[in-house]
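Some notes on the structure that comes next.
The first chain written gets the first letter, and so on, giving A, B, C and D; residue counts start at 1 in each chain.
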Amino acid sequence: MVGGGQGAFIGAVHRIAARIDDRWELVAGALSSDLERAMASASDLGIAPDRSYGDYAKMAEIEAARSDGIDAVAIVTPNHVHAAPVIAFLKAGIAVICDKPLCATQDEATEIAKAVKAAKVPFVLTHNYTGYPLIRQARAMVAAGELGTIRVVQAEYAQDWLTEAVEETGNKQAEWRTDPARSGGGGAIGDIGTHAFNLLSFVTGLRAEALAADLQSFGPGRRVDDNAHIMLRMEGGARGMLWASQVAVGNENGLRLRIYGDKGGLEWGQENPNVMTLARVGEPKKIVTRGGAGLGGGAGQWTRIPPGHPEGYLEGFANIYADAADLIGGHGDRALLPGIEAGLDGMWFIDACIRSSKADGAWVAR
Amino acid sequence: MVGGGQGAFIGAVHRIAARIDDRWELVAGALSSDLERAMASASDLGIAPDRSYGDYAKMAEIEAARSDGIDAVAIVTPNHVHAAPVIAFLKAGIAVICDKPLCATQDEATEIAKAVKAAKVPFVLTHNYTGYPLIRQARAMVAAGELGTIRVVQAEYAQDWLTEAVEETGNKQAEWRTDPARSGGGGAIGDIGTHAFNLLSFVTGLRAEALAADLQSFGPGRRVDDNAHIMLRMEGGARGMLWASQVAVGNENGLRLRIYGDKGGLEWGQENPNVMTLARVGEPKKIVTRGGAGLGGGAGQWTRIPPGHPEGYLEGFANIYADAADLIGGHGDRALLPGIEAGLDGMWFIDACIRSSKADGAWVAR
Amino acid sequence: MVGGGQGAFIGAVHRIAARIDDRWELVAGALSSDLERAMASASDLGIAPDRSYGDYAKMAEIEAARSDGIDAVAIVTPNHVHAAPVIAFLKAGIAVICDKPLCATQDEATEIAKAVKAAKVPFVLTHNYTGYPLIRQARAMVAAGELGTIRVVQAEYAQDWLTEAVEETGNKQAEWRTDPARSGGGGAIGDIGTHAFNLLSFVTGLRAEALAADLQSFGPGRRVDDNAHIMLRMEGGARGMLWASQVAVGNENGLRLRIYGDKGGLEWGQENPNVMTLARVGEPKKIVTRGGAGLGGGAGQWTRIPPGHPEGYLEGFANIYADAADLIGGHGDRALLPGIEAGLDGMWFIDACIRSSKADGAWVAR
Amino acid sequence: MVGGGQGAFIGAVHRIAARIDDRWELVAGALSSDLERAMASASDLGIAPDRSYGDYAKMAEIEAARSDGIDAVAIVTPNHVHAAPVIAFLKAGIAVICDKPLCATQDEATEIAKAVKAAKVPFVLTHNYTGYPLIRQARAMVAAGELGTIRVVQAEYAQDWLTEAVEETGNKQAEWRTDPARSGGGGAIGDIGTHAFNLLSFVTGLRAEALAADLQSFGPGRRVDDNAHIMLRMEGGARGMLWASQVAVGNENGLRLRIYGDKGGLEWGQENPNVMTLARVGEPKKIVTRGGAGLGGGAGQWTRIPPGHPEGYLEGFANIYADAADLIGGHGDRALLPGIEAGLDGMWFIDACIRSSKADGAWVAR
């Protein structure tokens, strides 16, 4: 693991996700760029001192050389510290599991893409919401034509933790996520918008061809967007809207997806991810549960416990790690795991939003 | 009543709404432009033959002359037959309660506005969703500053009854609502979008200054929009999105409103209109019920039965009629009743959506 | 109408319910036993002075004699003033629409039953919740065997308005409803328990054969039950539980019904009465809406507006009045309208609960 | 671990729960009474062959003697194979984490209680639902008097997996759970009723003093109860109902708890465990989320991720394992971890239900 030392948030999430299915063991890390903190963090996590590094480059080099070297590295640093370690590990022949968004700038994205192309090992981007069983079932349903031709997508990701200027009162997460230098220019669009954008493509199998965006910064003094209104034109003629907000008071982590075709529609929300509604023209709406009655195996294949026993965010994230273990082991399903394409797509999204908004909401095409 | 004869839909709704609070009696009507049908419809409704007219102009003239003439007329014809009767009755000195949208064209709107200005009697537009008690309570809360400065509004009105081309298979409602000549050019934007647009202004007290729209017609052969994606810029700096759809499979009448300020947020949906959630920064979300505990009289003043005893669409509509009776009687609260301003606002909305969409989503300002 | 004068609650509800479908006109009344109040109330409601009576007996006599006499009378007095007027009007040959429960004592119930048997005019008891369209659809579904053989019923009616001793602080409704002399001995079991008990028989078509009850009075100084726990044995082998409470803080009018057979189950709640869930073994649960897609006409036949446009308590009540108009007119469906059998069943329920509870919860059979 | 070999269900759940917080490592096991299967299962799980036992007695003996012996054993066998291994390990000085219910018979319960009393090591019973953060917050709220004096409790646990006689068609879980010899006599009451019973005492801090039960077996040929209706009398005057069912079609794992005092009420359901509603007399109901805004730290202290990021069944279970690690390490909070008292309480519940039901629902006191 690179990043994720004491005081970090997403690193701990990655570690639990990796543990749940007992497919991974954490044996080495460059947990902080501060050596002392790196060592202390490693000690907390039971990493042997000789495999705790103060420097990701050294870690890549030494681990690649060990006969018992790591199978993969997780990159869980802030966005602007993704590109260099990703490239270093890929070059060293070590598979990479990287947090999203891909990186901070288009140039970095291009460099990473080159490295991925050149590498013989997998690159996985943790758009973790794609690991939710019902999201994967939804994807399979759309692919099987159960909704018919997709016409309309409505995606939203609403939070409220940046309603006030908490980045100025000591909230570390808020600090780097609202600092353009570290986040990469996007605020809500990068931090959460990319998840919603990725998810709608993941489920529908459709890429966005163009978007028009109106970005706002409501938090006093805020330097990045904290609310974004976006219209979408998808390949195949579908149209969509995407709303990302970190100032929508009363929303904790409201990622919601609604998809409508000429034969049916489905609706899902992340906060109660074990339930989805499915409508077909002329029929009563159905409540589809994770692994529940009817509708085939569906979501059940990516779940650990019976329907009615709720799984959550960590289990969805764990599916990414379990599948990554398969993939790196040589027998996984690439189609279900977000990789470089998803990463580049997300970077296009961030950039296009910023350009469109600056151009007063003009459509920006690929 | 003008319109609302046999086979019509909204006329019957107006009649029930007028009856509920026992403030109105239906005594005269030009229920159809077909005289035979007009007479038969009048007979069904217990209207005396001598007050059943085949012609609204005659009705206006004769009723105005009677000492026991009508106090008000309800105009419930298709959109393109609003302007002429509205103007005729206003000129005859008879108050008008008119279904929305105001009319079919901007020119008609201008004429109606003139007539309203010149008239000494009230003009009421039945944006009936403003009659829901919790919507009025929400308006009062926003006005009292409970949400702080409004930042973001999300309005949507999703239906699915036009998913297929039912206008071609004998659905009368679908026929005129998808015929540009009768609907006035707008499809979903006029039929339902205007309701959502009106509602967000009603609750926030803010007018839209500009909009950018992307309209689509998904139904095969359809001549008007059946799905609309709209971005909004409101006075005071708030921004919004509005989605109107008649092809969102699984949605019956999904009018929903979400409003966020710098102090709080509220969310309401028409399909279960007796409940609203209210969030304040740093506090748990509250479930506000129609006339329920806490939060003052609020919605309770526009309701007939105790909380927990659901009221619905008809009772909300009835509030418009009860208030109109007060207003016409000389002692009502004009502020709560949509009138010509709301009508003109809706006509601007329809026109601006069409112009923006034709201009590839360019912002259209007032 | 007998009862329902100024300050009363349920009388006004009956009047709106009667008006909604324009099948009834209120033309006479003995609105209060206090003559002055009766006259004032009649005047408020537009009843002609000569048809406003201070005495129900006189009203029965005179109205029966008039050529334009009333078609039916609504009895909306407190429970202990049901029997006498019901019998008087039936004897006078005037149809009766009576609020529930039937009356205050078993002796009165026997007398009413005799009068109903002897009468040539209909007797209707306003167990209004049977008028909800989805409740009627549920009944039809059970009758059609869609749930298979019924095994388990769970009924509950939870309110909280008597959490505190409001009967001692001027709440008129609470005063008579907690006074054994006026309520008839039962508290929650009579006021709301009878509704739940009636509803489960209405939907399942099964009578209770025995019950075991544990009644409590939590309100300080309260003389009747305000919380009741009841176990049920139904004919055909089904078993049930029924909970009625007026001290369940946070519940406004929580009447809920859940029914399970060997093939399926359904769940419905009064506070959002336009939605029901239906489960069949091995299939995903369905969301059935009032008049919505699939599942045949069902609830749609007792509704006025399209699905998604919510109807509420008053429209359900209005269905009772519309059906009563049909029945009294000679062509209604007796099976859907609660009458004397439902009334006697409810009186058995109240009495059996009290006897069982006094006998420490021993089963009391018919 | 004792039990939990190939094909078992709950053993795998325990293993994930133990892994999530990285406080436990699985190093030894007697995973099956069939030696070959035990060895194969151990191999699957990475347990060294020399610490895979075919016999729990041997395992207790050898592990107790090793300097690197296990810190605790998890007993995850069917109910009738709890007592012997629990006692063996306790006698060997090894802490025990045992699945619920405690055991199969009252005699076994007495023996276990003796062993626990004599032991110097902790005994933990995995009533895992007590590990849900909001359940612990609810317990703290009740203890702090936020609901006032508790009056009414409504607990239910509804499933549908035994609607049909699946025990006769090869469902292994159904086989032993419906076999009185292995389950201990109780069906639904033992398998799920004990959870609901435990939970209501855990949250309210009140013990049941007496119960009256009506048990049924609806599944054809079924030898244990699959539906149970129970009335409760709690210490301090509160009364309750408890419904446990495995034939309630449409319910997957519907454990729900509703508690009402003279000051407030709260409601929680397991299938969406991250949300609870809290009502106070005269105030609007609040939606309390796991670790969400307002109401103090509360649930947040037993959670790993921010509010809005759902945790589920496994995380609740993991809290039991994490707390057990603390307790066994000498610094845990005994009050939050179910132990022998909860186990004996559950055994009383099962026995009292059976006795009451045989006595036609007579009250059975402690």
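Heads up, the rule we're going with is that contacts are C-beta pairs under 8 Å (C-beta built on N, C-alpha and C of every residue); 3 or more make two chains touch, one makes a residue touch a chain.
Please read these numbers as outputs of a predicted model, since none were measured by experiment.
If you lay the C-alpha trace of subunit A over that of subunit D, the rotation comes to 180 degrees, to the nearest 5.
Looking at which of B-D and B-C shares more C-beta pairs in contact, the answer is the pair B-C.
Averaged Cα coordinates give subunit B a centre that lies 35 Å from the centre of subunit C. Mean C-alpha position of subunit C lies 42 Å from that of subunit D. Note: centroid distance subunit B to subunit D, computed from Cα atoms, is 54 Å. Along subunit B, residues 251, 277-279, 281, 285, 289, 292 each make contact with two or more other chains. Taken together, the touching pairs cover every possible pairing of the chains. Against subunit C, in their complex, subunit B makes its touches with residues 12-13, 15-16, 19-22, 46, 159, 161, 251-254, 270-274, 289, 292, 304-315. Contacts from subunit B toward subunit D in the complex involve residues 277-279, 281-289, 292-295. Touching subunit C in their complex are the following residues of subunit D: 147, 151-152, 154, 156, 160, 163-164, 212, 214, 216, 218, 227, 229, 231, 233, 239-241, 243, 245, 247-251, 258, 260-267, 277-281, 285, 360-363.
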